[in-house]
Every structure is written in structure tokens, then in C-alpha cells.
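Notes follow the structure.
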Amino acid sequence: MTTTALPVVPAGTPPAPPRAGRGRAGLGERTIPYLLLAPAVVTMLVLLGWPAVQVIAISFRRLDLGELVRGEVVWVGLDNYRAVLADPEVWTVTLRTVVFTASVVAATVIGGLLLALLMRHIAAGVRVAVQICLVLAWATPILATTTVFQWIFDQQYGILNKTLVKLGFDSFAGYSWFSSGASTLTVVGLLIVWQAMPFVCFTIYAGLLTAPKELYEAASMDGASGWQTFSTVSWPVIRPLVTLATFLSLIWDFKVMAQVWAIRQGGPDGESTTLPVLLYLKGIAGRHFGVASAIAVLMILVLLVLSIRYLQLLLRSKEGDLS
Amino acid sequence: MVGVASIALVTAGCAGSGGTDPGSDAGTDEQRTLTVWLMDGSAPETLTTALHEEFEKANENVTVKYEIQEWNGIQDKLTTALASQEPPDIIELGNTQAPAFAAEGVLTDLTGDIDALNGGQWLDSLKASGEWDGKQFSTPFYAANREVLYRTDMFEQAGITATPTSRQEWLDAIAKLEAKFGSSKTFQPLYLPGQNWYALLSFIYDEGGDIAEKDGTTFTATMTSPEAKAGLEFYKQLVEASGTTAPKDNDEQNPEQAGIFGQGEVAMMIGLPWEVDTATKDKPELKEKISAFPIPSKNAGETAPVFQGGSNLAIPVNSANADLAKDYLKLMLSDKYQGMLAEGGMVPGASTDLSALEKNAVSKAMADASKNGRSVPATPTWATIEAGQNPLKDMLTAYLTGSKSLDQATKDASTALDAAFSAS
Amino acid sequence: MKRVALNTIGVIVAVLFAFPTYWMLTSAFKPSGDLLTPDYDLIPLSVTFDNFVSAFTQPGFTVHLTNSLIVTLGAVACSLVAGVLAAFPLARLRFRGRRGFLLLVLIAQMAPLEALFIPMFLLMQDAGLLNQLPSLLLVYFAITLPFTVWTLRGFVQGIPYELEEAGMVDGLSRFGAFRRIVLPLLGPGLVATSVFAFITAWNEFLYALVFMRDSDKQTLPVWLSTFRSVFGTDWGAIMAASVLYALPALVFFLIVQRKLVAGATAGALKG
């Protein structure tokens, strides 16, 4: 088979996918996309769609523990939303969550991209070592990582302060990393980036691997520089994946709860509270599931706004194609 | 001891005998299953084994399905279980959580059964936790309170002949220990992290103050009262006198104080009796050098009132076996089984007989102080406060690190508590 | 020179990423009392296996491990199959409803799971699946699926369509070309997505806790949490248990890594 003479695909012009049902395709071929999608569609509609619709419905109900146990349905209209939105703290928290998410996503994606590119250019042994370390970071259970991070950053006994003092930064003796919201969120952010970067890195690295070797050979025959090779060969292949990783990181980091909670429960003085923590505190801990659902809906709306650019691309592009 | 010995995660495999739940058909001849949820570490296994044997013997057609629950995530698990078609028949609730469940009307009203359930001997603070709107929705189970754990050998070497019985004597002891061992940089006469709010409550109660004032079912925070401020000042005095290197921005569990105590460079800590086991896990020889005394009061010769933690027992309102469950509670709260709780190292919630605890100095100190036990405001909103952002902890850190003045810190805490109390 | 510099950076990155895990590992071998000391203890001075003994003797490890493996591997398998099936038409075919489906996949990932657990619980109760492992398998399948579909679609798009065209010129059908040319190239993508799905399902705690009433049906995250109680937390044992807990994920990664990446490279060369 001959695939050596493939042209380098110019960036930004993905090949138009063929239309199912074109030409002599019959009814069978026209239904094939739907058949292929059926398992995914059914699963998502039943197991995610239906509960999500319920969450929206619950956001218009009063559903405390009592109502839940008695099976009562009490509609309260917009009361939950009014209660949530009337609280000035909600706006502060929303803004804080957006800024926090943006920083974490940027750090994760840029770091992951650089690391993936690095992995292509290092010795196989080092690469395997890096990969294993990444998987370890990824696979370590949250209970252990949050604890270990607390130990590392501990005011008196933490190894970080001890190391900094040894290096001559004496002011870090007994330094409290959790005395303000910003500092606490920085530690939480580090923890999240540390755990999230492996996925981004692996995804992008996997993308780099799928780029056929022939394209690189062709590029080097043309005498392309490192940057040119990246922008003409690597980037077109990984671009959808980078966009994708950004988008997925955005969704996950926006929703991340366990780590923020474990480090300081959103403290001190509520200064590191993010929207999911607020949802837990106002909704779940007090068993006001109507309020929790209203905050959940609010979170989805904020996420939709944040990802509007991506959604626009998705909806406007002719083929519904993203690259 | 408790909490370590009873971790066995054994479910009654024979329960249900046939796999289906007979709860719905409560016919007298039917085989019935009583589902009991107790928390990990609460009732010793010897107690539950004997109790369930006796209960099943007394009720021939009944099987007890005993399931030990973990504290982690218990709120979510209870929520869904209570709403499910097969709720457990007996549940254990943390005493600070109990009011939240009572106020939601998801527990069976036990007001009429108080006398039958050994009500005359109930511990006041736990009884109060089970009350809502004048009715009793949960019964006391067991309690525990903090005490000062100390190293007898260090006290001896420092020339402290009697355990402190007043705040002044306590501070004197700290000074003597410091004088004797202070040359070691890592030595701490008293390990006291910045956020041990249980200890703070004790000091505030001792001054005659409290967290909040109760008026019917509404609560108003009283952290700005002179009593509360005096309690905070004493906390700071202790921290400064002892020169503790414990973090000011964290509590006694992070890092775990027992582990630090166990390293042998700490003479005292404010903790629970079973922390001795944690502290001496790797050094059993240390155990006999640890004893305890109640938290001293500002008034010489008295012990300070203590925050009482513990559990209540309740019957979910949806239980299909409420009658059986009441019989079960009756047995559990009888002198026999309450005595076994005391044997296991807990302050029994429904028995005034503490003799089993007095055999050992560490649990005796707890028992002595338990007569003067208090709890947090019995409001459903307290569960949320304790679940996460406890303003008392933030207040302590801010005051101890000097980032806020005493007035500012207490004012902010009061505001935050009031906001939490009013969130319904 | 440049290579040496890059390799050095690689080693530094590896060390940074490994450090917290290393800390977990050394803590697992330290006597409980030594977890936090005033000394500088980068390398543990005394080593003990007590923590591992505690971890192993905590009841239920093998049962919970089996349960976890069943639901996790089951969910990963379902997710990959449904994901690959859906990724192909989404990336390569045009059909009515495609955008609608893409939107569904996108929005499906946005709902916070903490808010979904009540409706999910009621759904499983109605389906009679409570206290049964399939309920968890289904939930993990569902929560990993949108991601899997979306990511695999991205990977398929990243593979130049010309490769398939060339295959079709050589006489393969469209699906034949997909199966013979694209699928092998998807190997690294399958590794990334399956490891992700594995770890997501492996770590899930809330649903496992509320769906499974019987303790012998619980999964490892719930087992791990049993070390932590109000009556004292055995941190040394938690770290030892966490090491045991993290191992299967690492083993899984190493297996799929070898199988799939090797497959992909072979496929690309043959192609």
C-alpha cells in the first residue's frame, strides 16, 4: 500500500466528511449513523438526560429531607432562584470560580501541551519514567493526595516550609499557606493541575503519535524548522485535541469539588469557596435539594456562557465540524 | 478499645432469610427483619452480639440485620436510605446532627416512650439534642468529652505533685514543665492547635458564656459577649504560655495531635480518651505513662464544663417495624447494655452508672467531667455549620495569628453564625 | 546538548509529578508517629510494614477489590465500545441530528454529579437495581461516556481522511477502511480515554456509597474511607491502603499502554 506521498494537510481545512446516503447508498446506509449512535444516545438520555431534567424540575420545588422522605411535591416557582441570587455572596463566588477555573485550565492545558511535546523529544527511558510518574499522579486516590498536599504545606511540619528555610528563605518558618483565600486556592489549584495535567498530556501526546510518520519525513525533506514542523504537521493533528482538552478541562475544573473541600472546606472565612462548594454547603449539607438544584442549573448556565464560543463554532460551522 | 476493636464489617449474612424484604407485610406470623444501622466505632462488638442474640430470642420471628455505617458520607447515605422503600428501622445520629433530622419530621415521635426508654437517667445534653419543638425525636446513645491527657513521668520530673485543679495551677504546671524540659527545642508543655474549638467551648462555658441564646426555636449568636471573649483570651494565654508549635490555622486532626503526642516531646494535649491508643500505637510502653485530668475551671477545685460529643438513636418515620424498633431501643437503653457501653469506654447516654469508667484514670477523668456536659445549639442549622465552614475555627485562627482583633474576630463569628442560624 | 537539556527537564518534571506520590509511599512505610516530625525526613529513617498489615487486615479488601474491578472494567469496556461506535459517524459522516447529538454530549457533561445523586438514586430504585453492582456499572458507563465519545471523535478527526481514501481506492469499503486503517491508529487515543474512564470510575465514592447498602457490595473508595473515622484516623494505614488502591490503575495503564501503542505503531507502519 502506498501512503508515503501524502500531502501535508494545511491547517484549518479539514477534509469534508462524505455525506451518508450520497450516491447509491440506500436506506440501510442512511440508518447506519443512527444505529452506530444508538447505544450512546440511549445511555445518555436515560442515565444523564432524565436525571438532569429532574434536577431542573427540582429547582422549582421545595425538596428538603422531609419532602423527599414523604414523597411530597411542593412547587415553589422561582423561590429557590430568588433565594440563591439574592445572596450577594453568590456573585462573589461565581466570579471567583470563573477566575479560578480559567487559571487552572490555562495552566493545565499549556503545561500538558508543553509536556507532550517534550515527551516526543526525550530518550525512551526518560519518557517511560515521565509517563509512569504522570499515571501515578493521576491514579493516586483523592483522599491520599489531598492529605499529602496538606502535609506538604503544613505550617509547622510541612516539608515545603522546611525546604524553603533550608534554602535560606527564613521567613517561611511557620508560614501559613492557608491564611487567605487566594493562597488557599493557589494550593488547591496546584493540586488540581497536578492531577489534571496527566490526562491533557496523554491526550495530546497520543494525538502526536497518530500523526503519520510520513508527514514528518516529508516536512524534514522540505527542510522545515522545528517550529515549522510543529505548525504544519503537529498542530493540525493535535488542534482538535487541544481544543477538546481545553473544553473538557473547563467543564471539570469548574465542577471540581472534592479537592477544594478537602483542603479547607472553602475557608478561611469562606474565601476559597467555589460554586460546587457553595452547592454543597447551601444545598446538600443542609438538605435543601431544591436550592442545590437551582445552584446546579446556575452552574450549567455559567458553563454554557463560558463555552459559548465553542458552542457557536459547533452550531455555525457548515458541517457541524470543529477543528 | 472502642473504634479500633469494633471495625469488623460483618453484615448479618443470614438476614432476610429468603432474600426478600418482609418489612411490608407486618403479619404476626411472618418472619420479620429489623434493620439496625449503627456507626463505626460506637457500640463494641461484644455489646451488639449479646444484644442481638437477646433480642432475637425474645422475638422469635425476628432477625436483626445489623449494618455498621461509616461516618464518611453518612449524611448522603442516610438521606437516600430514609427516602428509599426499605429504610432502616434504627439509626444512629451524631448528636449535633440530630436536630436537623428531627426538624424535618422524618423521625418517629418518641415523646410518649421516654419513661419506658430509661428516660430518668438520660444525659441532659443528648436529651436536648433529640428534642425539637417540645417533642422527643431521638434518644441519647452515648457521649464522650475532652480531657487533658498528660505524661505522668514528665509531671513527676518537673516536680508537679498533683494534677491541676484550676486554670492557675494549669498555667503553673506549664511553666514548670517548660523550666524542666525547655532546653529541648522540640518540647511542648501543651500541644494546642489553633482550631480546637471543642476546647474553646469548654473555656467559654466555664466563663458562663455560650455559643448562642435560645428563644423558642430561634437562636442568636453570643460570641461578642464578655464571657465568650474571656474564653478566647484564656485560649490565647494557653497557646502563648505553652509556646506550642501546633499550627494556628488547623485543628487537632490535621495533623493528628495524637501522632505528635506519641513522639514523646509533648507533655499534655486536650483530647479524647481513645487518642491514647492512637498515640501509643507504635510505642505501647508509653501507655502506662499517660494519664488524664479534667479540663480545669477558673474556679479552683472545679472542673470546667465540657462540650459533649456523642450520638443519638432514632426510628425513621417510614420504618415498617416501629413497634419492634421501640422494643429494641428499650433493650439497648437498659442498664445492662448501657453498662457495656461504659465498659467500652463511652459515657452511656441513658445510665448514670459510670462505675465501669472509673476503673481507669484516663476514662475516669472523662466520666468526672461528663456530669457537666453541654452541647452545641440544638438547631437544625448546626449540622451545616459543622459540615464545613465553622466560624468558630476561623475566629480562633484570626485572633491567634493577630490578623483580627478580639472584637473584630468575635463580631465576624457572631455575624457568620447568625447568618447560618437564619438559613432554613 | 539540546537533547541532554530536554532529558534533564523531563527528569525534573517526572520528579515533581512523582513527589506527592513518593510522599504517600514513604508515609506508608513510616511508623504512624513519624508521619509529621519536626525533622527533615526526605528519606524515612525507620521502615515498618505495620501499615500494610493494617491495610490488608482491614476487612473486605479482596471483596471490594473484586467489586471495583467488575464495575470499573465493565464501565470502561461499555464506554469504549459505545464511544468508538459513536465517534466514527460523528467524525466521518454527515447526517441529520448530528449537531443536536453533539450538543447533547456536551451539555451532558456539565451537570454537577453532586446534584444528580437524588434523581439517580430514585431512578435506580425504580429500576430495582439498588444494592446491585450493575447499577454502579451503568452510572460509571454513563458518566464516562460523553467524555469518551467526545475524545475519540477528536482522535478520529486528527487522523487524515486521506489515509482512508487511499484505502478505499485500494478497494476497501468505507467501514473496512475505518476498521483496518483508522482503528489501529486510534490505539493511543483508546489508551488515553480508557485510562481516564478507568480512573474516573475507580475513584468514584458518592454513588458507590449510596447505591450499595450491603458492605460486601461496596467498592474500594468506600473501603478506603473506613480507615478514617471520628475515633481516630490511621494515616499510616490510609497511605498504605492508598498504595494498594493506586496499583490496579497503574497496572491497567501499563497493560493497555503496551497492547495499544504497540498495535498502533505496527498498524501505522503496515499502512
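Letters A, B and C mark the chains as written, and numbering starts fresh at 1 in each.
Please note the rule applied: a residue touches a chain if its C-beta (ideal position, glycine included) is under 8 Å from a C-beta of that chain, and two chains touch if they have at least 3 such contacts.
Listed by chain with UniProt protein names: A, C = Sugar ABC transporter permease.
Since we're looking at a predicted model, the values are computed, not measured.
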{"item": "Farthest chain relative to chain A (centres taken as mean CA coordinates)", "value": "B"}
{"item": "A-C compared against B-C, more contacting pairs", "value": "A-C"}
{"item": "Where chain B and chain C are represented by their mean Cα positions, the distance between them in whole Å", "value": "38"}
{"item": "Whole-Å separation of chain centres (CA-atom averages), chain A against chain C", "value": "15"}
{"item": "Contacts with two or more other chains, residues of chain C listed in rising order", "value": "35-38, 118, 122, 225, 228, 235"}
{"item": "Junction residues of chain A - those touching two or more other chains", "value": "68, 151, 154, 156-157, 280, 284"}
{"item": "Multi-chain contact sites of chain B, meaning residues that touch two or more partners", "value": "76, 79, 83, 245, 255"}
{"item": "Chain C residues touching chain B - in the complex, by the definition given at the top", "value": "31-38, 48, 50, 58-60, 117-118, 121-122, 125, 130, 205-206, 209-210, 213-216, 222, 225-226, 228-235"}
{"item": "Chain A residues within the chain B interface of the complex", "value": "64-66, 68-71, 150-151, 154-157, 174, 176, 178-179, 261, 265-270, 273, 277, 280-282, 284-287"}
{"item": "Of all residues in chain B, those that touch chain C in their complex", "value": "2-4, 7-11, 40-41, 67-68, 70-73, 76-77, 79-81, 83-85, 185-186, 245, 253, 255-256, 258-260, 262-263, 265, 274-275, 277-279, 281-283, 309"}
{"item": "Contact set on chain A toward chain C in their complex", "value": "1-3, 6-7, 9, 14-15, 17-21, 30, 32-34, 36-37, 39-41, 43-45, 47-52, 54-55, 58, 63, 68, 115, 118-119, 121-123, 126-127, 129-145, 147-149, 151-152, 154, 156-157, 159, 162-163, 166, 194, 198-199, 202-203, 205-207, 209-213, 215, 237-238, 240-241, 243-244, 247-248, 251, 255, 257, 276, 279-280, 283-284, 289, 292-293, 295-296, 299-300, 303-304, 307, 311, 314-315, 319-323"}
{"item": "Residue numbers on chain C that touch chain A, as the complex places them", "value": "3, 6-7, 9-11, 13-15, 17-18, 20-21, 23-24, 27, 35-38, 40-42, 78, 81-83, 85-86, 88-95, 97-99, 101-116, 118-120, 122-123, 138-139, 141-143, 145-147, 149-151, 154-155, 157-163, 166-167, 170, 174, 185-186, 188-189, 191-192, 195-196, 199, 202-203, 221, 224-225, 228, 235, 238-239, 242, 245-246, 249-250, 253, 257, 261, 264-265, 268, 270-271"}
